[in-house]
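Look for chain A in each of the two complexes below; its partner is chain B in the first and chain C in the second.
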Partner chain A sequence: MSSTQVATPETSSHDGRQPVRAGRRWRRVPPLVWVFLLVPLAVELAWVFWPALNSFSLSLTKWNGVGAAEPVGLDNYRRMFDDPIVRTAVTNTVIWIVVFGGLSVLIGLGLAVALNRPRRGVGLYRSAIYLPMVFALAVTGLFWRVLYQPGGTVNSALENIGLDGVARQWLADPDTALYAVLVAAIWRQVGYIMVLYLAGLKGCDPSLEEAAAVDGASAWQRFRYVVFPQLRGVNTVVFAITVIDSLRTFDIVWAMTRGGPYNSSQLLSTYMFEQGFTALNLGYSSALAVVIFVLAIGFIITYLVRATRED
Partner chain B sequence: MTTETAVDPGTVRRSANVGPRRRGWVFHACMAPLTLLWVAPMVFVLAVAFRSFDDIAARGLGALPASFSLDGFSTALSEGAIGRALANSAVVTVIGVVATLFLASLAAFALSRHAIPFSRTILLTMLAGNLLPPQILLIPVSSITQSLGIYDSLFALIVVQVGFGLGFYTFVLHGFMRSIPNEVLEAAVVDGAGSARIYARIVLPLCRPALAALAALATTWIFNDLIWALTVLRTETKFPITVALLNLQGGFVSNWNVVASGAVLAAIPTAVVFFAFQKHFVSGLLVGANK
Partner chain C sequence: MSTTDLSRRRFLAGSAAIGLSGALGGCVGSGGSNDGGGGGGGESAGSSGPLTLQSSAADPQPKAALKAVVDTFDGPETTINTVAVENFRAQLPTYLTSENPPDVLTWYAGSVARDYASEGLLLDVSELWEGDGACAGFSDALRELSTTEDGTQIFVPTHYYWWGVFHRRSAFDQWGIQAPETWDDFLALCETLLGQGITPLTMGTGSTPWMSSGWFDYLNLRINGPEFHLALLSGEHSFDSAEVRAVMDEYAKLIPFIDPNGRSYSWQEAVTPLVQNKAAMYLVGAFFTESVPSDVVDDIDFFRVPIIDDSLPLAEEAPTDGYFAASRTDNPAGAKELMSHLAAPESQEVYVAKAGGAFLPTSTDVDTSGFSPMIQKGITLLEESDQLTQFFNRDSSDELQTTADTALTRFLDQPDQVDDILAQWQQAAEQVFQG
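On to the complex of A and B.
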C-alpha cells in the first residue's frame, strides 16, 4: 500500500492516536480531489457497471426492444439446454480457448526464447512478428478472407507443394471454418504473447542458468527446470489474459464467417450478438451474455489478484 | 563448414570461438523462413491490393501479380467511402484517447496521492470493469444511448470507449504515480501549491512515459474496435473504418483488389503508430501484464 495511506490496519493497531489522524487525513482530502476521483468513477459506473447489472435483470425477461420487457424467470436459461446452437457455441468456445491459447503460447514462448538474447537481426525478426498484432481483428479477418478464397493464395500454395487434395473452400466448409479463423487469430496473437514472455525472460536471473550449464545441464533441462519455473508469474497472466480474450472473441469471427456456415464457427460471443442484434431476442441474448460473464469471472479475479500481488 | 568441423576433431577445438557464429547461422536459417512465413500474408494481401481487377479475374487470386493498378484503392476510397470512414475513426480515436487518459490520470492522481478511503477497492473495481466481457454490456449500452438520444452518433461511441477503457488506464497510471517520491511533491506543498497545480505542473509531466505508452496502446485499441461501433451506430456515413470494411466486403463481393485495398488502408494508421512508437507500444503492453 502506498505510504500516503496511513489508514492500514497494521499501523493503526500499534498506536492509539493513528486512527484519529487517519480520520483527519481523510477529511483533509481537498474537495477538488474528490471531483477528480468521482467524475471518472461516475463515467465508469454509468457506462460499465450499470449496464452490466441491467444485463442480469434483462436476462430474466423476454423483450424485443419495443414496449415493456415481459418477466419470464429462468426460462431463457432453460431454453439454452435445448438449443443445439448453444451446444455448438460452447464446444467451439472451449476449442477456441484450448487451441488459441495452447498454440499462441507454445509459438510465442518458443519465439521469445529464440529471440531473447541480443544478436544481429533479432530486432527485425521481433518487429515482423509483432506487426500483425497492431492490425484490427476485423482487418486481420479480411486479410485472411482474401487468402482463403477459392483460387487464393492458401490453395495455390498447397497446390504448388503437391497437396492439391487438401485445398478446399476453407471458410465455406463447416468442418474447417472454425480452424481457418483460429489460424488467423493465432497469427495475430503470437506477437503479444512473445512480448509478455520476452519481458518475463528479462526478469530471470542469468546466473542460475549459467550455474546449471556449468553443472552440465542440457539446453532443454536448463529451460525446463531453471528458466521455466521463474516464468510462473508471466504464465498466470498469460493464462488469464488468454481465457478472458477467448471468451470475448468476436471481431475476427464476425469479419470472417459471422459464425457460419450453418453455425459451425459460432462462439458464445457471436451467437449472443446475433440473438441480440439480428434476431432481437434481447432477453435470451442477455442470458447468453451472463453465461459468458460467469465463465470469465474466475479468470478476471485471477488476473486482479496477480495484478496487485506485489503491493 | 559443418562437415569440415565434423571430420577433424582438432578443428573443433581450435575453432571453439567459431561456435557462436555457427550457431548464429543455424539461428538465422530457422528464423528467417519463419519470419517470412509470418510476413507472407501481409505481402500477399498487398500484392492483391495493387493488382487490377482484370488480372485477378483472368489469372486467379492466387497467381503472381502481372499488373500494377491503383484502381482498388481509388474504388475503395470513392465508392467504398473508406476515406470518410478513416476520418470518423480518426475523430473517435483522437478524442477518445485524450479524454480517457485525462480522466484516468485525474482518478489515478486522487487515488495514489491522497488518503481516499477504500482506494484499493475502488481501484480494483475500476480495473475489473475493464476486464468484463463487453458482451454483458452491449444490449443495455445500446438502449441507454437510445434513451439519452445519442444513439447513432460518434459522440455515443466516444463515451462508450472512454467508459470502458478508464479502469485499465487508471490502474496503470496509479501504479506509476505512486512511484513518484513523496519529497518531490512535499516541496510543492510547502510552496503552497494546490492539488490542481500539483497535478498539472508536477505529476502529469512526470507521467509522460506512462502516458506515451498508454496513448500508443489506446490508439490501436480504439481505432481497431468493431463491436462497440456495431452496437451504437446504424448510419453508414458515421461508420468507423472497421465497420465500413465489413460493408465494403459485402458490397464488392468478387472485387478482391478493392477489399484488399480497403484492408490495407485500414491497417496503415495502426502500422504507422506501431513503427513510430514501437518502444512505447511494447512497454504499454507490458505495463498492464507485467505487474
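On to the complex of A and C.
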C-alpha cells in the first residue's frame, strides 16, 4: 500500500508536460472551490486547532472555569509526579496499549488469515466477527457490564462448568476491573483489525505463496517469509490506528467502571476527564491532555520515521 | 450553462455560510438577546425581554413537571433549555461567566452556590426573602442555606428531600421485626436478619460510588455532630483524625451487613434486592422511590438513622434544590419574577405532584394533606431535626467527593487498611483545598 504511494511521484514525472498542466489547473480552480476548501479549514482552525492550542497555555495555569486563570508555571506537571493516581493511570495506559494493541492485532490477523480463503459460510463468520464494531463503545460497555454483573452470564457460565472459584465481581474487583474492560474492548476491535488485514491479504500475490509451497516451504514459513512482508503497508495503518485508539480509549472505561473501583482502572484519558469535568481542575486536566498528546504524537512520529526510513 | 451552474453553486455556498453563522450564533450563548435593555438601567425600567431557564432536570418526569410550572408563568416569555446534569455541572461556570448568560438556572443550595456568589456571578435576590416576597415565609434553615457570607440571599429553594433507612413494610411484618430505636438495636437487627439469610443492607456503590458517603455522613453526624461534620468538609479538620477514625470503626461494623454485590451495582440497581425482599434496608434519599415499581411504592416506609450520641444536635441530610440567577442577566426584574413564580406555593404543589420521587415543598403554604403518608412522615422527620445538612458533595465540592469515593469504596473492600486509607484521603483532600 505505502509502496504504491511512494512510487506515484516518481512515475508521475514521466512526461514533461505534467508541471505545466498542473500549474494551469491550479489557476483554473474556480474561486468557489476555494470557498469550499477554506470555510471548513477556518471552522477546523477555530473549533479544533485553536482550542487544542489553548489547552497548552491552560496547562500552565490554575483555572476552575470561573474568573481569570492564574498562571502557575510548571506546577501542574510537577504535581503529576507526586500524584499516585497519575502513576496508576500511566501504568494502566501502558498495559492498555500493550495488551489491547497486541491481542487485537494478533487475534485480528489470525482471524483474517483463517477466514481469507473462500469456504462455505465464511462470509457469515466475517460478518459475525465484524458485527461488534457497529455498536458504539458506550453501548458495548453497557452490554458487557450486564454480562459481568453478579449472577450475570459470565459468572453463571463459569459456575456451570464447575469453576465456581473463578467467579467474582469482575468490574468491582481492583485486580480484574481493567482486564475485564480490556476483554470487552478487544472483542470489539478484533473485527476491525480483521477487516483491514483481509483487505491486505487480498492484495498479496498468490503465485508467490504457491511458488514457495512448491519449493517446500511449510505453512508457517510461507506466512512468515512470503505473505507477512507483503502486509507492510497494512501494518503501518494498523499500528497507527491501534496506538491512537489505545490512547484515546475513554468511553468504554467510563461506561463500565468510571476508572474505579478506587481508581484501579483509571487511564490517563479517564483521569483527565474526571479532573476536568467533575472536579473542574481545568489547568491540571489540560496538563494531562498535553501529556496524552505528546505520547500519541511521539509514538506515531517515531513509527512513521522508522517506516519511511526502511522504504 | 456555466453561469447557471455557478449561480447554483453560489447559492449553495451562500446557504452554507448562513447555516454556519447560525451554528456559530447558537454556540455562543442562549440568553435573551435584547442588548440595550438591562445593561446599565437597573430594574425600574421594567425590561420585558424574553427569559431563558437553564435546567438540569433531564429525567422525563421532573422535566415535564418544570414545563408545567413554567407554562403557567404570565411574565416575560420563558424558554427552558434542558441539559443533562453531567454536562450542566461542567458547563455551569461557562454559563455564568458568559456575556449573555441564561437568566435563571436550576442548581443546588449551599457551598456550590456560595462559591459562585463570592465571584459575584449570582444575582442578589434578597428582596424575595423580605416583606411579602415569595421566600419570606421559608424556614430559617432554608434562609441560612440560601445566604452568602455577606448576608445577602442568592438562592431560591423550591423543593428538597430527606434521607432515611428505607424498607418494605410488608417485609418487616413478614419477618416479625420493627424499626429499631437505638444504634445497638439497629446492629442487633442486622445480625438477626443476617442469621435468617436475609441481606440486612443494600447499597449501590459500583457506578455510583458516592452512595458510600451516605453512611459516612450519617455516622459522622451521629458520632461527631453536624458542626464537626461541616468543618471537616470545609477543610478545618483532618480526615486522618481520631474523630474520623471513630466514624470508620462504626462503619466497619456495618460492612458485613452490606450486600457484597452492591459493589457492582448503581444506586438504581441496588433497589432491586430491596424490592425482591432479598435485602431488608437501604440508606438512601427519598428520590429513590422513582426507581421502585409503582405497585410497591405504597409499601415503602423508612426510619431515621438511629441516634448514637444523644448529646449532639439532631441533624438530617436534606439536599435542597432550587434556582439562582446570573448576575449578568439582561433582565434582572424578569428573572426575579420568574423565580417568584417558581417558588410560589401553587407552582411547588404542581412540581412536587408531577416530578415523581418524593420531594418536599419548601413553602409552608403548600397544602400537604393530599401527599402520601410517607411524605408526611418525611416532613415530620425534618421538622423534628435541629439542623439540616445537604450531602457530602453539596456541603463541600464535587472534587472532594471524588476523594471520598476513592477512600470509602476502598474501605468497603479493605476495612483493615483504614490507617492507610485515611492518610491518603487526607493527602488528597489537602490537594483539593489548596487547589
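Heads up, the rule we're going with is that the second predicted complex is superposed on the first by the 268 of 311 C-alpha atoms of A that agree within 3 Å, B and C clash if a C-alpha of one lies under 4 Å from a C-alpha of the other, contacts with A are read in each partner's own complex, and residues count from 1 in each chain.
In this section, a residue touches a chain if its C-beta (ideal position, glycine included) is under 8 Å from a C-beta of that chain, and two chains touch if they have at least 3 such contacts.
Treat the numbers as computed from the prediction; the structure is a model and nothing was measured.
Colleague: Return fit or clash for chain B versus chain C, each positioned on chain A through the superposition.
Modeller: Here the two partners, once superposed via chain A, clash with each other.
Colleague: Quick one: classify A:Val43 as touching chain B (first), chain C (second), both or neither.
Modeller: Once the two structures are laid over each other on A, A:Val43 reaches both partners.
Colleague: With the two complexes superposed on chain A, say which partner A:Tyr262 touches: chain B (first), chain C (second), both, or neither.
Modeller: second
Colleague: A:Phe277 in the overlay: touching chain B, chain C, both, or neither? Say first, second, both or neither.
Modeller: both
Colleague: Regarding the shared-chain residue A:Trp187, is it in contact with chain B (first), chain C (second), both, or neither?
Modeller: A:Trp187 contacts chain B only, not chain C.
Colleague: Pick one for A:Pro206: touches chain B only (first), chain C only (second), both, or neither.
Modeller: neither
Colleague: Contact-wise, after the overlay, does A:Phe143 reach chain B, chain C, both or neither (first, second, both, neither)?
Modeller: First partner only, chain B.
Colleague: Would you sort A:Gly102 into first (chain B), second (chain C), both or neither based on which partner it touches?
Modeller: neither
Colleague: Per the overlay, which chain contacts more chain A residues, chain B or chain C?
Modeller: Counting residues of chain A touched by each partner, the higher count goes to B.
Colleague: Could you tell me if A:Pro174 is touching chain B, chain C, both of them or neither one (first, second, both, neither)?
Modeller: So A:Pro174 only meets chain C here.
Colleague: So in the superposed three-chain picture, is A:Pro71 touching just chain B, just chain C, both, or none of them (first/second/both/neither)?
Modeller: After superposition on chain A, A:Pro71 lies in contact with neither partner.
Colleague: Overlap of the chain B and chain C footprints on chain A, residue-wise?
Modeller: 30, 32, 36, 39, 43, 65, 149, 151, 276-277
Colleague: Of all residues in chain A, which touch chain C in the complex?
Modeller: 30, 32, 35-36, 39, 43, 62, 64-67, 79, 84, 148-151, 169, 171-172, 174, 257-258, 260-263, 274, 276-281, 284
Colleague: Could you please specify the touching residues of chain C with respect to chain A in the complex?
Modeller: Those residues of chain C that touch chain A are 6, 9-10, 13, 16-17, 20, 86, 89-90, 92-94, 96-97, 116, 119, 121, 206-207, 209, 260-261, 263-264, 397-399, 402, 405-407, 409-410, 413, 424, 431-432, 435.
Colleague: Per the contact definition, I'd like the list of chain A residues that touch chain B in the complex.
Modeller: 1-7, 22, 25-26, 28-30, 32-34, 36-37, 39-41, 43-44, 46-52, 54-55, 58, 65, 111, 114-115, 119-121, 124-125, 127-132, 134-139, 142-147, 149, 151-157, 187, 192, 195-196, 199-200, 234, 237-238, 241, 244, 247-248, 250-251, 254-255, 268-269, 272-273, 276-277, 282, 285-286, 288-290, 292-293, 296, 300, 303-304, 306-308, 310-311
Colleague: Hey, which residues of chain B end up touching chain A in the complex?
Modeller: 24, 27-28, 30-31, 34-35, 38-39, 41-42, 44-45, 48, 60-63, 103-104, 106-107, 109-117, 119-120, 122, 124, 126-144, 159-160, 162-164, 166-167, 170-171, 178, 182, 194-196, 199, 220, 223-227, 230-231, 241-242, 245-246, 249, 256, 259-260, 262-263, 266-267, 270-271, 273-275, 278, 281-282, 285-286, 288-291
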